[in-house]
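By written order: A, B and C. Residues from 1 in each chain.
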Amino acid sequence: MIAIVNYGSGNIRAIANIYERLTLPHKIVSQPGELIGSEKIILPGVGAFDETISLLSHSGFRTVLDNEVLINKTPVLGICVGMQILGEQSEEGSLPGLGWIKGTVRKIDTNRIQSKPKIPHLGWNSIKALKANGMFNDVDEEQGFYFMHSFYFECNDENDVMSSTFYGTDFASAVNHQNIYGVQFHPEKSHENGITLLKNFAAI
Amino acid sequence: MLRSRITPCLLVHKNGLVKTVGFKDPKYVGDPINAVKIFNEKQVDELIVLDIDASVQGRGPDFELIRKLALECRMPLCYGGGVTTVEEAKKIISLGAEKVAISSAAIKNFELLSEIGKAVGIQSVVVVLDIKKTGFLGSYEIYIHNGKKATGIKVKDFVPRLAKIGIGELVINSIDGDGTMRGYDFSLVDMVRDLTEFPITILGGAGSLEDIKSAIKRYKIIGAAAGSLFVFRGKYRAVLINYPNILEKKELYR
Amino acid sequence: MSKNPQSLKVNDLKNSVRSYQVCTNCVMDTTDAKIVFDENGMCDHCKDFYDNVLPNWQTDEKGKAILNKVVEKIKAEGKGKDFDCILGMSGGVDSSYLLHLAVKELGLRPLVFHVDGGWNSELAVHNIQVLVEKLGLDLYTEVINWEEMKDFQLAFFKSGVPHIDIPQDHAFIATLYNFADKYKIKYILNGGNISTECVRNPMDWLYYGTDMAQIRDITERFGTVKMETYPFSPILRHKFYLRYLKGVQVVKPLNYMPYIKDKAAKLLADDYNWKPYPQKHFESRFTKFYEGYWLPERFGFDTRKVQYSSLILTNQLSREEALEKLKKPSFNQATINDEFNYVASKLGITPETLKEYFSMEKKFYFDYNNQVSIFKAGAKLLKYLGLERSIKR
């Protein structure tokens, strides 16, 4: 059972919809207790960093999540801001992140981008898979995914970078540390590639 | 590499989809849900849906329609029409749209943009400006309420204000170009682009894939949106949803 | 005590007391309640085909000569006009192949006409586009107002009858005839053909789409909006008035030559990048749901039996192969849930309401006003005049 955490942020319906079509068992989880014992966890998120992490904290999911992810080693996938909050802190806000993956969320440096538009990074961009963990199996890397963000995840340990994408410079478009996964792009809105990635995560 | 976005734009009028010319004479082109499903199957980059009745009638967004459309979209959906409050914008995002388009409300209440940005993330805030060339010197002016109401605000004065707060995307909608299929108004785009660093999407006038190609060639990264082009075919303006396939798209990016 | 013939029919369909039997020649069986078998176990569909259709079906030089004569006439009368005939295009294999044939082989200049009933699949619009583009033809479309179509379809769902495809079917026929009438077009090319359609759907399964008495009765009872733009065309109008008084002629070229479905599909795929459908009529999402799921699951009517039997009779499919294919359900189990929800969403009802329609009491055409006697008389007349070979029953 894949649990999609409903703490008031992110496009939960779209993710559930894809698993529905794939006929993979999943549920939208709104009560922390329901999370216990799930095989996979998806942590969506849109909006600002502080707003998102406070929503998560106030939802009561924090303790259960920490337990499931850090102790039981349940695979978790953070999407967009759901990925950014996996880090320790963000230049966008002042609150600390979950700190599950060592790194800082930084604002895209517009000085590095040669031509307009500069920010946000918006549209379909390619990815380069850097880890053979199965997440990008059958993904068309050139076609890539849909991005929509102004901040990006900077990993302390470059081994945690799961894929890189070029926007002015190469940045981590996906991260992975042990059972913790995060993608900056929107798999739930990236047609076939997105479906493939969500299917791959389910199979991990 | 980041690629330009090629974006169909659909207009909702009296529960159905329509296509206008110069913001007038809406021609019925069918039901939104099936059209969106076909566009989804054609793997469009993203989709813009604008309810052109809401602001004119002074009513809010049709949430049930948004929910249904978002359900069919495995690509980003931008919804606009009648959004005047933060709560409405939040609801639209929670129903599964990625972006909220604000048009007349941005003119009437500029602060709204930042407020919505705080609530849903600034990258989800899209401003749509309906623009018409006016006066002897042909300066660009912003119109609201389906091009019926002139605001007296010049594009060159308004866009810097947007640049200051930073929005997710700006849709430049040319009233003069709408439905004509005669090509985009590049002088308008040039002017706006000079004033901004955020992504721009151009709408109004695209009549062929060549028009899109020339926009991409000129701006490298741009959002090229079109209504008629992706809905009509041939001299009888037959309604037939179409969109370049992967190979045709590669050709456009060259 | 005299028996009421109507209740007899009802018994046939609703309580099916008959023991199961399948034709020894094709795959039609007793799910067609009025099927009759001879002493060798061959059904009346086969008999009708061998007795009436086959002897008159000319796909050789003779057929070619007949067709050529018509084609020459069409060309001569169309000289100087933008187009010389009109072709109703669904994007399915028959109409797509016919379009190729008309342009490439027969040298005709058709106006391609498409009616959008609101359920087009991506495959359908893709196929129409590639053909029209490659052949350099003009396309004309009519989009049926969805609010009216939706209400009309819902009325049929609520009525409980099997033939809920009538709102769509009727619009396709009526729009084409109305257009031909309005613009004084004399020739309508039609992809209808003996080769893949010689066995007809029994009347209990798919009732006549142009019976206005039935349509009126059902919409009056269950409809909620006024049909202001929906195109109607009573059968008498287009089969007799337009044909015999206005001289509008329907031409079915596929009947005058060998027409092999698989070959046609291959040619279309190779030459036009046309995409095949998993099953006949699946170019419409509604028909796919209706023929693939609703009819077989709610009524036990599997239209594949009719389609396969046609192909068996015209030697394009073996009976064994057909029986094997029929073992699999006609819908995709992995996606049916999704499809079901989409149909409900599109119709503006909840999946629960659609489920209620699915399990409600079954009704048939004779439960509502109808003109079946007129249709039967008309069919007999057409057959007598030699204009139609097989009878729908």
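Criterion: a residue touches a chain if its C-beta (ideal position, glycine included) is under 8 Å from a C-beta of that chain, and two chains touch if they have at least 3 such contacts.
All of these numbers come straight from a predicted model, not from anything done at the bench.
Q: So which has more C-beta pairs touching, A-C or A-B?
A: By number of C-beta pairs in contact, A-B is the larger.
Q: So which chain ends up in the middle if you average the CA atoms?
A: B
Q: Of the other chains, whose C-alpha centre is the longest way from the centre of chain B?
A: Relative to chain B, the chain with the farthest C-alpha centre is C.
Q: With chain centres defined as C-alpha means, what is the inter-centre distance between chain B and chain C in Å?
A: Centre separation, chain B to chain C: 40 Å.
Q: How many angstrom lie between the centres of chain A and chain B, each centre taken as the mean Cα position?
A: About 28 Å separates the centre of chain A from that of chain B.
Q: Can you give the whole-Å distance between the Cα centres of chain A and chain C?
A: From the centre of chain A to the centre of chain C is 49 Å.
Q: Two-or-more-chain contact residues of chain B, please, as numbers and ranges.
A: Within chain B, residues 71 contact more than one other chain.
Q: Please name which positions on chain B make contact with chain C in the complex.
A: Result: residues 15-16, 28-31, 33-34, 37-38, 41-42, 68, 71-72, 233-236, 238-242 of chain B touch chain C.
Q: Going by the contact rule at the top, pick out the chain B residues touching chain A in the complex.
A: Within the complex, chain B touches chain A at residues 1-5, 43, 45-46, 70-71, 73-76, 93, 95-96, 98-99, 118-124, 166, 168-169, 193, 196-200, 219-221, 223, 246.
Q: Taking the touch rule as given, give the residues of chain C at its contact with chain B in the complex, in rising order.
A: Checking each residue of chain C against chain B gives 114, 116, 118-122, 125, 128-129, 132, 138-141, 143, 145-147, 150, 285, 342, 345-346.
Q: Name, in rising order, each residue of chain A that touches chain B in their complex.
A: 11, 13-14, 17-18, 46-48, 51, 81, 110, 115-126, 143, 146-150, 166-167, 186, 188-192, 194-195
Q: Enumerate the contact residues on chain A facing chain C in the complex.
A: So the residues of chain A touching chain C come out as 20-21, 23.
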